[in-house]
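After this come two complexes, each holding chain A, first together with chain B and then together with chain C.
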Partner chain A sequence: MKKTVDVSIPVGPVHPCWKEPVRIKCETRGEHVIGTEVEMGYMKKGIERIMRGRPWQEVMFLAERVCGICSVVHNMVFIEAMESISGITPPPRAAYLRVVVNELDRMASHLLANFSYCYTIEHETLGMYLLNEREHVLDMLERITGNRVNTAYMIPGGVRYDLRPVDEKVLRETLDLLDENIARYTKMFETGPMIALRSKGVGILTKEQALEAHAVGPTARASGIAVDQRTRHPTYKEIGFEPVVRTEGDNYARIMVRFEELKQSINLIRRALAMMPDGPIRGGGICKGGEVRYSGEAPRGELTYFVKADRYGRVEDIAIQTPSIMNIDACSHYMLKGVSSIADVTSTFISSDPCIACNER
Partner chain B sequence: MTEYLYEKDLRPLKYNVLAAPRQDRTVRAMAAVLGVRVQVLRRHLIERLDMSDMENMPARWEAAHAVQAGGGGHDALADALGRDLFVRKIAVFTPAEMETAYGKARALADGGTPLADAVEEGKKTLREVITP
Partner chain C sequence: MTDMLQKLKNAVRSRSIHVAYVDTGSCNGCDIEVLACLSPRYDLEQYGIYVHNNPREADILLVIGCCTPQWEDKLKGIWEKIPEPKAAIAIGNCPVSGCVFNREGSYVNPPASKHIPIAASVPGCPPRPTEIIRAVLSLAPTIFADYEEKRQ
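On to the complex of A and B.
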């Protein structure tokens, strides 16, 4: 019988490059990876089951605990799902403040993702620079919401805290600083010859494969699919938003999409601050019963909540479809297949920005 | 895939994934299409799919149906049997298993058997793979 597999190499569950535990079984022929299988279950929380039967006031706190990295968007999508069931519209100022906080959260997530990638390809200097910038972003989140993660900033009919003039001034100054520094780091990544060797043409996900696996977020946008839930969001429509798209579909493209989205987020926040009217930040409203499927754009892609609530606003049934579910599948079944070196398995996996906490919920 | 000495039995975890609301709805829909019992299909899926496949199953199912709703393929028999859906989109069957079923159904359809009967014959072959 012809021998097709030389060695089966397990990568993880504990690995220096992994942020969370996951095991990838790699079937290799020489250095060539011919197939992979993802094994999870190391951090299953069963959070959907915990949510069931609880009032929305408790579920909103549980929702942002699905993921520590993109907690704001879980809060936002759940609250907007409840608002859509109950016919509540937040005041304009609150809607813009939601965009500001959501984009800060996206920046924190993208900076962490790109740090992880740089760390994985042994470019720790750039990685540490990026982490340093992330601190500025988290400081801004803390200044506006009171917390760096799990902010619980959004509530049905508005947000918890207003943006004080002094905070707005500091936010604008921080954005200027971030704009300058991120441009410098993007250039470092774009022009680094060793980075190009590890990233260009590695872990390719074609447009057809991305569509088949229903890939979302920067992973899909790096493969030429212009999919972004922000294009459907009313506040983003007012501000003016166009998704960042690249066509290469490799590791390099995925990281560059995130760098470009960082610049885009800075501009979105600036525009939101410029367009934000004065006025109340809470419009009130009572959560009612009903059923909805509501999607928002998390840093990693389309995040969907299926919520069924009773007439008291108690969550009867809930299912969460996080973007990492689709992206990890796309990564393990398409990107990693055919990777020419086992050393590229970790970097390719990290380039899809997998969130195991989101995936396992 | 190769078995390791320290391999965990993943069946309970995989079952938990399949029992989640969206996965459960998808498995029931698939079982209805194929005409098998849900429990039997679950066991088959636990054997064939990895956890990432299972988590993404509802999204793949929806994506495949969206493509089909937008025009789909030109082969009604292949669409009815899920030739693409159950092999490439959700790997319930290997390409060889599906080709055997499709080949039988195609031969019947070309021989003048009504399409519904040919599809049923193809599904019968597929059910033999799932049901031990």
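On to the complex of A and C.
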């Protein structure tokens, strides 16, 4: 039989471009990658196991430490799951404040993902610009919630802190600044000839393949699937929301979807601020027993919590399905297959925005 | 003559610090705060700190995360690869105490000082980038000063 695989090259687990440990084994013929295998398990901490049997007051803090990049959405989905078990409705002002904080977190996450991609294709200038914009977003998070990462802002029946008028003024000014800068960087990415050479037509995921791998989030939306859990969220319905969709399905499309979602997030925050009524931010309520499967849209895609609580509000059973599981699967089975060189393996992997901490918990 | 050479070495070593970081099972929070140090606002490189992820050319190892069992031997391996003089700094609560993950039934094995010698630690969940830079800058001159004399 003819020998088809020349050499198997491991990439990782510690790689300068990756924030987290993961190993990809690439089977290559020459420079051409014909198959890959992702090896994980370096970050397994067993969070779901230590969550069981604890009251929601403790599980809340454990839930946002599943992932440090998108900590707000883990907090939000767990709290909204507990609210839907107990029949608690947050006051309208608190619901809009949740949207503001969630969209700020999404912007921080997308800016970090695009920074990583630009850093991986060695366009360090654009990467550093984006990382600097991220600091402005984190400043706003700190101003509203009191912390940069792991904010613990939402609680059943409301949020912890109100948005003061002075904060709202600074937030609007920062949004204007971000709008201007992000438009400039999007144009830099869109029209850069060298970026196009490294990104266009690399790591293609077609619509059929994306459906087969159950890709979610920006990875699916770049392949033409309009899937977004925010369309089902009551507050987002009031604000008015349409998912961003592109059809190319390559690295360029995935990064451009994130850039367009940054613009969308800025507009969502502006509309939320305009529609936000005055009133209380905490409505109260007691967590009851029951079980629910609740989904929300994390920056990387659909995040699902299955929660089963007893009548004192203690979590009896919990299961978390994070978006990166499907996206890493889509990446290793479809995107990386047929990539023309090993140098594109890292950038293609980063373009699907994998979060290993979410994935292994 | 040797004094002058030593002074020169001390001055150079405190102004050119190569850093490697290793993520031994964190939640990404401390990880991205180390990454945020690279941003133009904090600008690590103006202090002469360079972030490589290569232990063979590093002086300081930043340990992040609560030491999962998979990392026990690998962390020691990375520590042995770093050339002398070297120091390790624990970033965040996780390598110090295990933070929220150090409960019955979890798969973590903190503190990091069980596995490798830790020279300093920056507690916080996560610590701010300014605190991380301050720790590196205040540790490096004291560890690397008069290294040859201390070794004798």
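By definition in this document, the second predicted complex is superposed on the first by the 361 of 361 C-alpha atoms of A that agree within 3 Å, B and C clash if a C-alpha of one lies under 4 Å from a C-alpha of the other, contacts with A are read in each partner's own complex, and residues count from 1 in each chain.
Everything that follows uses one rule, which is that a residue touches a chain if its C-beta (ideal position, glycine included) is under 8 Å from a C-beta of that chain, and two chains touch if they have at least 3 such contacts.
As the structure is a computational prediction, the values presented were derived from the model and not from experiment.
Aligning the two structures on chain A places chain B and chain C side by side, free of any clash. Residue contacts after overlaying the shared chain place A:149 against chain C, while chain B stays out of touching range. In the overlay built on the shared chain, the residue A:263 is in contact with neither chain B nor chain C. In the superposition on chain A, A:48 makes contact with chain B only, while chain C stays out of contact range. Within the superposed three-chain model, A:160 lies out of touch with both chain B and chain C [touch as defined at top].
With both structures placed on the common chain, the touch criterion links A:37 to chain B but leaves chain C unconnected. When the two structures are aligned on the shared chain, A:66 is found in touch with chain C, with no touch to chain B.
Shared-chain residue A:332: touches chain B; no touch with chain C. Geometry note, superposition on chain A: angle between chain B and chain C about the Cα centre of chain A is 100 degrees, to the nearest 10. Of all C-alpha pairs spanning chain B and chain C in the superposed arrangement, the closest lie 9 Å apart.
Put simply, chain A uses residues 41, 44, 46 to touch chain B in one complex and chain C in the other. Looking at the complex, you find that chain A touches chain B at residues 5, 8, 10, 25, 27, 35, 37-41, 44, 46, 48, 211-214, 306, 317, 319, 321, 325-326, 328-329, 332-333, 359.
By the touch rule above, chain C contacts chain A in their complex via residues 22-23, 25-33, 35-36, 38-41, 52-54, 65-66, 68, 70-71, 78, 99-101, 103-108, 125-126, 128.
On the chain A side of its complex with chain C, the touching residues are 14-16, 19-21, 41-47, 49-50, 61-62, 65-69, 71, 112, 128, 131-132, 134-135, 138, 148-150, 355, 357. Within the complex, the chain B residues that touch chain A are 1-2, 4, 8, 10, 13, 16, 20-22, 50-53, 55-56, 58-60, 62-63, 67, 88-89.
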